[in-house]
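Below you'll find the structures, each written out as structure tokens.
Both complexes below contain chain A, partnered by chain B and then by chain C.
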Partner chain A sequence: MLIHVVISGIATGCIYSLMALGLTLIYKATEHVNFAQGDMAMLSGFVAFTFFEWLKLPLPLVFCLTLLFSIGLGLAMEFLLVKPAIRGPHFNVFIITLGASIVLQSASGLIWSHDQFPFPSLFPDKNLVLGPVQTDAGSVGIIATTLVLMLILFLFFKYTKVGTSLRAVSQSHRAALLMGVSVRRSFALAWAISGLVSGIAAFLIAPVVFLSTQMGLVVINGFAAAIMGGWGSFPGAVIGGISLGVLENVAPYYFPPQIKGIIPFAVLVGVLVIRPTGIMGEKRQRRV
Partner chain B sequence: MLELTQVEIYYGKVRALKGVSLRVPEKSIVALLGANGAGKSTALKSISGLIHPASGSIRFCGEAIDRDSPERIVRRGISHVPEGRDIFPYLTVSENLAMGAFTRPKSEACETVQRVFGHFPILHRRRKQMAGTLSGGEQQMLAIGRALMARPKLILMDEPSLGLAPIVVHQIFEIILEINRAGTTILLIEQNAHMALQIALHGYVLETGKVTIEGGATELLGNQYVRHTYLGMKV
Partner chain C sequence: MRRITAFHWSIVTAACLAMFLLSPLVLSRYLVFILNLLAIYALVSIGLNFVTGYTGQISVGHAGFLALGAYFTAIVATKAPYLPFYVILPMAGCFAGLIGFLLGIPILRLRGFYIAMATLAFGVVISQIALEWRGLTHGDEGFKVTSAFIGSFVFDSDKKLFYLVQPFAIVLILAAHNIVSTRVGRAFVAVRDSENVAQTLGINLSWSKTSAFALSAFYAGFAGGLFAYVVSHITPDSFSLTISIDFIAMIVIGGMGSILGSIIGAVILTGIQQLLGSLPEIQMLIFGVSLIIFMIFMPRGISGVISSLATATRAGKRLSSEQEAGEKGA
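Take a look at the complex of A and B:
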């Protein structure tokens, strides 16, 4: 029984990891903080819902079309909201994305209402028995999808020229420019990838929590995960997200269920007291 | 090959370059000397497109480049070894070099990387290490190697000797000469005027944004003012 709780905790954690990963992607490349990450996922969710429920398209096609939309959404956010403020302080961009988050929420409410909608799962609704472990296909599907996505991202960043150039941009804008890397295009690419990640997150979250305009609030857990893991660290985002998800699911197993919302943040504070930079965080090096 | 004419640059309202003109002939080494804040780095940044001049022109191989983006300028064949080296600390040595060849197809880059390792055998031994773990001298070699990866016609070098032990400075200057002999033109910024004038053909002295003295390297080495101010010799 406990193992099942842990597995569904890992699945929840994977969702937080994806949020944290989206935040980290943008932060690493551009040093901007995107508060609208969760609402980008929410909007993608509603777009998928529209394709599926209103236009009756088959689910795999819906998945592909929605991901295209998510990438476009990331690019549009970068072009319309971030680029005009690029010379301003980073705090301005944070407030702009906070505003965007509210606008996306209200606008989605206007179009699709603030009700909750059931969302089709990509995975079959049945129990899986793996040796002594019993779990549900949904959790395993979420974990597997997240792992595959992370592997793809890892290979992209580690072994392709463009991926490496994104890492280079995150380390020095000036040096990257001098190598002939277009920093502007890199910013757009970081937003596009982040949009893609938010789109995939939408397909994983919505079946679990129902689709609603409130779904974007998951970004708060994404922030908690990213900070707990070490702000700006990719492995940190993953580890932080999964620990948070497991804690949140295991705590009610031993304590009253109301504890669910408290434990992760209590632990976050605890981690930061012991390790102010987070689990995988490192001190930012400043050049003299 | 490179020609700056009356280049003026402002940082906000501060005029950092007040009408600088200089010429770098093909296959030569030209030294740009001057104290801190004289505008040497600013001049290099304007050539590589990091900043754009308010007036004046910069021509490379006969074409105006003063409105080009840094990306275009790299593709034109100008590489810039920036001040303070500015390598990518969390990329490996190989990845740093690969970034140097960002504008070129992968097949050509493989061949160039062998040549760079020929100039700097130590980089080959350290190729899988994070660049941030290299010593100062090795980082400077990496910065130069990375610039060579673009197979430039002209290399701009901003204080390659800064903060390095004298023996390492000698090594670096040997390599700069080697690169020059292989046919690459070099514009070199140095505070170490003595070293710079030994390898350079021609020199310019920049003071508070203006060229105050220019001439052949031997001429400058003999100039009383230069000897006193930049070579620290009693007149």
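Take a look at the complex of A and C:
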């Protein structure tokens, strides 16, 4: 029984990893913190819902159209919100994305109402038996999708020219600029990829928790995961996300069930107090 | 033209104050309630400004301190009915301040964004505790607050409460005004502008940040106590994450690093809340859009615009008088 709980914990954790990954992508390239990451996923979820329920499009087409939309959303956020404030302190961009989060949430509430909607799953609804382990196809699907996405991202960053230029920007804007990398375009690209990741996350989260305007709050778990793993580290985002998911699913077995809602916050406070650099984080010297 | 002296100003101020204190005689019960709520939000907003506007450390959990103050007041007033409000309220403030101090010690060593996340988590944990610890807080049923009293006089209506809330608010606002112009307040600003320079000048960074945080929590906790008396029935959802974000919107719109700005922000947001009470969607949309617009175009908020206009007028006057002098000289 415990193994089943752990597997569904890993599946939940994969969702948190995707959130954390989206946050880390933007942070690494631009040093900005995007509080609206979860609400971007929420909006993509509602767009997909509209395509599927109202326009009756087939699910694979809906998936592709929604991902295009999420990329566009990432680009739009960068162009409309971040670019105008690029000269200000990072603090300002954080507040702006906080504002964007409220705007996305209330605008979606106006358009689609605050009700909960069932969302079609990409995966068949049946139980899988793998040797002694019994689990459901949904969890396996989530884990597999996340793994594939991470592999693609890894290959992209490691072996393509664009990916390499993004890594260069994340190390030093000035040096990248001198090497002929367009820092502005890299910023936009980071937001676009982050938008894509949030769009995929929408398809994985919405079937599990129902689609609602409150779905964006998953960003807080994403933050907890990213900080637990080590803020700014890609492997950290993945490890942090999965550990948080497992912790959240296993803890109610040993403690009163109310604890589940508090875990991400307890983890946040705990990690920040005890070891702010997280599991994978390295200590960074502050520049004057 | 006769010069306006400090004496004239003090007369004007006294007249305004007298008018304000007599306003419950003519205003409706509802408007007086709004004025009370406004004073409370202004106090929280000033408190948040100590940390965010003056010291440059963002807090996304100030509703947590408001909750601490409110529940402390409600619980102490029930368990110890012989204590008068003027003892309970400072105690509530100090309780929140102490928690703020203890929380500040570990988290204020961190950099800006981590502080935001830690305070966010703190705020949510506090409202969760208020929801789950039913034995103490009565959970989501809410807590009925025993009315404040002096002798046999009970503050049981909004108009009576006005005379409980406003004097405290005025004193605390004046105190804040003094604090920011003293050595302590200037140390906060120095920490915000450059930690390295501040440290070089002999300012103890962690002490400044932690005391700013504790002071801020004191204001929020005190305001929480007043809030408990004013709304008389407190529930955990009065202290949610949304409320913390509303406080941030107040100081962003009003003006960061300004006491006047904190009050302006509280007035504007409370105004919008009351006008659009039946349309929470539109209200949230306006808050979000104004957060974005102010942060992009006017990061110093309304009070920033006012003060730069004032500087411009003064500079303009000086320029024209210099020109006059120059023409006479020629």
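In the analysis below, the second predicted complex is superposed on the first by the 272 of 288 C-alpha atoms of A that agree within 3 Å, B and C clash if a C-alpha of one lies under 4 Å from a C-alpha of the other, contacts with A are read in each partner's own complex, and residues count from 1 in each chain.
Rule of thumb we're sticking to: contacts are C-beta pairs under 8 Å (C-beta built on N, C-alpha and C of every residue); 3 or more make two chains touch, one makes a residue touch a chain.
Everything numeric here is computed off the predicted structure, so don't read it as measured data.
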{"item": "Which of chain B and chain C A:L81 touches, first, second, both or neither", "value": "second"}
{"item": "First, second, both or neither for A:I96, with chain B first and chain C second", "value": "second"}
{"item": "Touching partner for A:T164 - first (chain B), second (chain C), both, neither", "value": "first"}
{"item": "Which of chain B and chain C A:P124 touches, first, second, both or neither", "value": "neither"}
{"item": "Of chain C and chain B, partner touching more chain A residues", "value": "C"}
{"item": "Contacts of A:G72 with chain B and chain C, given as first, second, both or neither", "value": "neither"}
{"item": "Of chain B, residues touching chain A in the complex", "value": "48, 50, 69-71, 74-75, 79-80, 82, 84, 86-91, 95, 98-100, 102-103, 106, 132, 146, 150"}
{"item": "Parts of chain C lying in touch with chain A, wherever the complex brings them together", "value": "56, 58, 60, 106-107, 109-114, 116-118, 120-122, 124-125, 128, 132, 196, 245, 248-249, 252, 280-282, 284-285, 287-292, 295-296, 299"}
{"item": "In the complex with chain C, residue positions of chain A that touch it", "value": "33, 81, 84-85, 88, 90-92, 94-96, 98-103, 105-107, 109-110, 220, 223-224, 227, 231, 258, 261-262, 264-266, 268-269, 272-273, 276, 286, 288"}
{"item": "Chain A residues within the chain B interface of the complex", "value": "161, 164-165, 167-168, 171-172, 174-182, 285, 287"}
